[in-house]
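Per-chain residue numbering starts at 1, and chain names A, B, C and D are given in the order in which the chains are listed.
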Amino acid sequence: MPAPITPDAIAAANAPHEADLKRDYATLGERLSRRGIDIDAVKAKIAAFGVAVPSWGVGTGGTRFARFPGPGEPRGIFDKLDDCAMIHRLTAATPTVSLHIPWDRADPADLKAKAGSLGLAFDAMNSNTFSDAPGQPLSYKFGSLSHTDKAVRAQAVEHNLDCIEIGRAIGSTALTVWIGDGSNFPGQSHFSKALDRYLDAMREVYAGLPEGWRLFTEHKMYEPAFYSTVVQDWGTNYLIASELGPKAFCLVDLGHHAPNVNIEMIVARLIRFGKLGGFHFNDSRYGDDDLDAGSVDPYRLFLVFNELIDAELAGTDGFAPAHMLDQSHNVTDPIESLMASAMEVQRACACALLVDRAALAGFQEANDALMATTTLKTAFRTDVEPILAMARLEKGAAIDPLAAYRASGYRAKVAAERPAASAGGGGIV
Amino acid sequence: MPAPITPDAIAAANAPHEADLKRDYATLGERLSRRGIDIDAVKAKIAAFGVAVPSWGVGTGGTRFARFPGPGEPRGIFDKLDDCAMIHRLTAATPTVSLHIPWDRADPADLKAKAGSLGLAFDAMNSNTFSDAPGQPLSYKFGSLSHTDKAVRAQAVEHNLDCIEIGRAIGSTALTVWIGDGSNFPGQSHFSKALDRYLDAMREVYAGLPEGWRLFTEHKMYEPAFYSTVVQDWGTNYLIASELGPKAFCLVDLGHHAPNVNIEMIVARLIRFGKLGGFHFNDSRYGDDDLDAGSVDPYRLFLVFNELIDAELAGTDGFAPAHMLDQSHNVTDPIESLMASAMEVQRACACALLVDRAALAGFQEANDALMATTTLKTAFRTDVEPILAMARLEKGAAIDPLAAYRASGYRAKVAAERPAASAGGGGIV
Amino acid sequence: MPAPITPDAIAAANAPHEADLKRDYATLGERLSRRGIDIDAVKAKIAAFGVAVPSWGVGTGGTRFARFPGPGEPRGIFDKLDDCAMIHRLTAATPTVSLHIPWDRADPADLKAKAGSLGLAFDAMNSNTFSDAPGQPLSYKFGSLSHTDKAVRAQAVEHNLDCIEIGRAIGSTALTVWIGDGSNFPGQSHFSKALDRYLDAMREVYAGLPEGWRLFTEHKMYEPAFYSTVVQDWGTNYLIASELGPKAFCLVDLGHHAPNVNIEMIVARLIRFGKLGGFHFNDSRYGDDDLDAGSVDPYRLFLVFNELIDAELAGTDGFAPAHMLDQSHNVTDPIESLMASAMEVQRACACALLVDRAALAGFQEANDALMATTTLKTAFRTDVEPILAMARLEKGAAIDPLAAYRASGYRAKVAAERPAASAGGGGIV
Amino acid sequence: MPAPITPDAIAAANAPHEADLKRDYATLGERLSRRGIDIDAVKAKIAAFGVAVPSWGVGTGGTRFARFPGPGEPRGIFDKLDDCAMIHRLTAATPTVSLHIPWDRADPADLKAKAGSLGLAFDAMNSNTFSDAPGQPLSYKFGSLSHTDKAVRAQAVEHNLDCIEIGRAIGSTALTVWIGDGSNFPGQSHFSKALDRYLDAMREVYAGLPEGWRLFTEHKMYEPAFYSTVVQDWGTNYLIASELGPKAFCLVDLGHHAPNVNIEMIVARLIRFGKLGGFHFNDSRYGDDDLDAGSVDPYRLFLVFNELIDAELAGTDGFAPAHMLDQSHNVTDPIESLMASAMEVQRACACALLVDRAALAGFQEANDALMATTTLKTAFRTDVEPILAMARLEKGAAIDPLAAYRASGYRAKVAAERPAASAGGGGIV
């Protein structure tokens, strides 16, 4: 098993960059101090900020047309954990991993031991009732938790309870439920009856939540269903979380909305009504593209964090949203994309921390739209890379994680151990 | 004052078409009877179906670029009522008129008398806090019911209470509130504070509702605000109606949603959670285009009615959605567009009444997607024109309202009395 | 091998419906004659109208999340041809099949013999350079005809020339080229260089076209590439066809456009500039949903045919667009969906044939928008089912193909012979 | 007449900021030098970069719902030129003004003298055939250059020739033609005939172009027409420019495209085929929102400039796109918005100049998607404000134009001289 990169190797990679980083950090600190900002305080918050990596994210993704695997694809959850450890060693930004059942099913004790040995912990559990596992008695072709057949719903409930069980054993405290249930034709499904069936099933899942757990339901406008989706938007998601109870919250995946929709406003609404559970970070231009976070519209990511920091500073009661990446890496090395994305999320967070909120509030109150928006833009366009890099350096991670990763030869090493995966034809074949 | 068309004139216009209509009605009845449908029962429901006309709809609309008035533009509410009466005489489908204050402000007794003399009644009142009326003390440039300045909010509340007062005097029993409040720049407005201010103000309006009244709040994704809107979607609208109380309901304007959104599903959700108040019918391809109902996507209009008929037949408690047209007629004679649109709404309703709901429920239960959707399509593609025309004929209206209207010379007559309106440059000048 | 349904079986299925059909055809004929339309002439045009079935369409489709096969999935091209024959026997609307290489690779002589025995012919050939075939030397992960590596482009060119070769042997006269080439990140690809490489490669393909062949290039806004696509819209597609030469034409897939785009106008533009090659018919609400033609927005399909009939009647030089279905059947029996879709395409064509074009032209010239659009709506809402059914009856096909198909037991028969396919996890696993 | 701000006043406003700016410029210069970039060379390019201000932009805009004017609205073109001069004095970024006829009609000699006295020149002329001017013989209600009536087309042609005449007299060398022609209903307009009429009319306009002039045609997806638009996208626009001849080019307004469309790719396509004429810069989230450039999606603006700088560095023959702002300032002081927007355009340009193009080309060639996109992001996230500010300082403009403008009291001064404008009700009244 290829060891993740050592502290010494990271230190060696950092050495040539330290002097420049210190100078850049100092001059940025000076500029920020003129704006009344303490750079060390921002750095401390970034150092404490983590985003979960999805176990499936370290494998190459695909589309319905094709999947083109890269070298060294992980063969199972233990390989995946190795890859996740590499990401965290280099970025110090991803302390937890989110599992997907049944893809990551293994002996919980082994999972816990392996993660512990790598310095990782487990984030929310993810159930899968959107595809049929080999040997599964009943098919989810026509739905799962909202299926018209009670037996299928029961099977899906049971699977979710099973995910909770595994999660409990490995130290997770949350279950994320995303279903593909919906319809492809007008009339195929009765909208209200389907939702009622879903609610009934979810009440059973909710009842199985251990003490201290949270349940995250995730909305999505479409895909895999192309005419209607049972949990299609935040409105339905909110109503579901309300119906289920105080442990139920809404998960926002940035790619799951209609074109042009103002997502940061949805975030604000869920905060206002106490039901924001967390995020699946990624980026999109067309649909649920699952592109790397911040790669297409970095300002949108910043605006989302602007709402989060605002809520945090306002002392919103019980405000503790979960942060997770959820991306499909089709043309990059997944480890590289996840590192870059984790840093982009941190960058958005850091910029949002720079917003002069007293000034912003004043401009908002005075309807000074130009100065209000300039206040945000000033924070956004500040190049906070020295803050992120210094936080990494001080935590023993890499100043330039991508370069350090490439220099480490990790991908070649795992490729030598892991057999080549064959290209897939996607779902349409 | 040009009298609306007389019963005799209508009868004369109908005479040449009666024989054909009767034959078509009979053969359609025979075809429907094979499908187990009683054509007379459908006709009776259509005869009882009405949709309100918005007073502003009888004037030519415009865009921010220009307005091109036609001949005989109504000079005020009394001219508008004459035009509305013409529509109802010819279609027997629009028994009520919805007023907009301050545009239609007049002595309530005069309004009531005039409407009564024309056989019309009044539908929901509409307040206007999205533009500044001449002489208005405070401006709505930066918002109305959600404005940061308490005095502006109070003025907006007062205006709504005034609308209720007028409505009470003329027999209306509902108030529709649509605001343009929002922002054009990220940061301009604090999303949650703006919503809270709106809710506070609306609670005062709600408190002023007379016994038996309903309050309709209307969501809209954007325009006139282009970055964020306070009541931006059905989720926020639902939460507003819930916060306000049992007399508050959500109004759905078909053009106020994001691209690709499944509107019929939103209708179903609002029905399911008891908050569907009613509709502003129109059609759109790009945004809030305010095109004639059913002119761009007639199947969508049918699918909305499919939900309404389903809810009605299911005996949904207290289900009584309001129906109103809300269109901008930029290139047609508004009277013609409103007649055609009222009939399109009836057509969608009639087709939805033809759906074999027992069969549909069976196909849904069995996940027979193809037969389920075919069941809807079979109803939709039935040409129900003979049913609509026969319902009109029997109520003394026109078999072919457009032809009868053109033959009547009404437009030329009012053009002779009403001075020509000058073209406008729209809002951008 | 299960024989497709026999003429006798079809006749038996038709018998109970013939009397009603004849009466309905007669009464519709009478109504149409009042509008100056000869129903038999329309029927004759419909009888002569065919749409190609894609060989891959008879298998169950999937998404990147999952694929849920049904019983009796075809094992290869010969099973697929059997299924295609069933569709054509019952609908008499799909005389040709479009092959996809390498999926349908077989001995051309065998292909030709099999198709001939089933009464089928071959439509356009489809090449596949969007996924890697087993054993393929070079990968298309980063593109094919536009790849930065000349060797990959050469391989893709060679594959297209091979498709032409097979097509020539089996009687096809067209090649359809759709590529997935594009990028997932800003900067990943140089837009102009990529297009130039594509053009260079396509010139080699074009040079290989036999006498009498046409080349169809197909644009698509996105997917599988999610930031940019080389042939992203009709504008680029037009320029490609122009650069290549007179045998090159643009293919329009109805699901390959940006939200809200007016597709019928694109059709009109391509007609106007002599580059409309043909269609991939399907329907969509969100993206390239590949839903059944006419299932979501039947009026749009009609409006597309309105342009085609207009061009045909105008005697547009060399106007002969190819018609093909291209759908993904995820929740229905593919044979049923293809039959229903072929009939929906015929229905749109039939309705478009009913448009009173002289009246329409007059209203357009006079800017009588309401009567112009009413002219289209009158044609659209005519229930032309009796025309389609009578055309089928007279050609020995089924009055009600779906019912006849279900009654035939074909699916159960092939399920007994063809081994069950296993569910797939889609491209994301 | 209030004098625009004096050099002394600007110098006084700059004094307190000079030391910080010099330090920031120096430290940025040091960081850039590590990346191999000469900061002074970038500054020189920015200093030479200008964007035209539209004369109508200095007045408060509006929507169809309302217009809320601010204090000191310009009363006519001479007031507008004063406001434009203020913008240029403070930013040194807007040396030219683009006129709109008939709104800005005046004696050409007076226009030229006034502009000359303010240090301004004239950019492209803009014709207006989308609204009816008072006293205009024929209406554009149903179109202008594509109208079915030859007389209306002739009037529109004549107006464009008149615009050229005025432009020639004042030193302009380009005409921009944007029309609102289109339709609101399926069937209202014959797509091809309308385009042919437009082409015929435009050929007459083209024939009237003086030596050395360019003609810019502008596409727009929709609004004011809501079903179809004659020049609806870049594809049609390209074909128009091709049909007209070598002096005709396409103008790209960033807000005139379908949702999700990749605009930077359209820019690349028009560059590739030699027909990119220039830009109307603004930003949008929903439609043609006409928001301030870079205010909603600053990365998109950068990506557009990335294409422009790439083309410029590639030495694209005759590449000289025109740059103009085209925005509607509904809630801000228009002078402030135009200053901020001109600087945002410069910022995007400056960031694009920082792209390491050799590295980018290498990553593109090697399909190293992550490093390619990181190369762009590295340039984008560089805070180039010191470069922009230093360029301003050295040209005698303000380090902080917004602060200097507010300190100058200009708005209050003009408000005292210019009578208050009354609020408008927008086009819908």
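A few remarks follow.
Heads up, the rule we're going with is that contacts are C-beta pairs under 8 Å (C-beta built on N, C-alpha and C of every residue); 3 or more make two chains touch, one makes a residue touch a chain.
What you see is a predicted model; the values in this text were computed from it and never measured.
Shared contact partners of subunit B and subunit D, listed by label: A, C.
Of all chains, the one whose Cα centroid sits at the greatest distance from that of subunit C is D.
Where subunit A touches subunit B, over half of the residue numbers in use are shared by the two copies, so each contributes mostly the same positions. Averaged C-alpha coordinates put the centre of subunit A at 39 Å from the centre of subunit C. Chain centres here are Cα averages; for subunit C and subunit D they lie 43 Å apart. The set of subunit D residues that touch two or more partner chains comprises 141-142, 183-186, 188, 221-222, 227, 259-260, 262, 285-286, 292, 295-296, 299, 331-332, 367, 369-370, 373. Residues 56, 59, 61-68, 103, 130-132, 134, 139-142, 180, 183-186, 188, 221-224, 226-227, 259, 284-287, 289-292, 295-296, 328, 330-332, 422-429 of subunit A are the ones touching subunit C in the complex. On subunit D, the positions that touch subunit C within their shared complex are 141-143, 148, 183-193, 195-196, 221-222, 227-228, 232-236, 238-239, 257-262, 264-266, 268-269, 271-273, 299, 303, 306-307, 310, 360-361, 363-367, 369-370, 372-373, 375-376.
For subunit C in complex with subunit B, the residues that touch the partner chain are 20, 24, 27, 31, 34, 259-260, 262, 285-286, 292, 295-300, 331-333, 336-337, 340, 347, 367, 369-371, 373-374, 377, 380-383, 385, 402.
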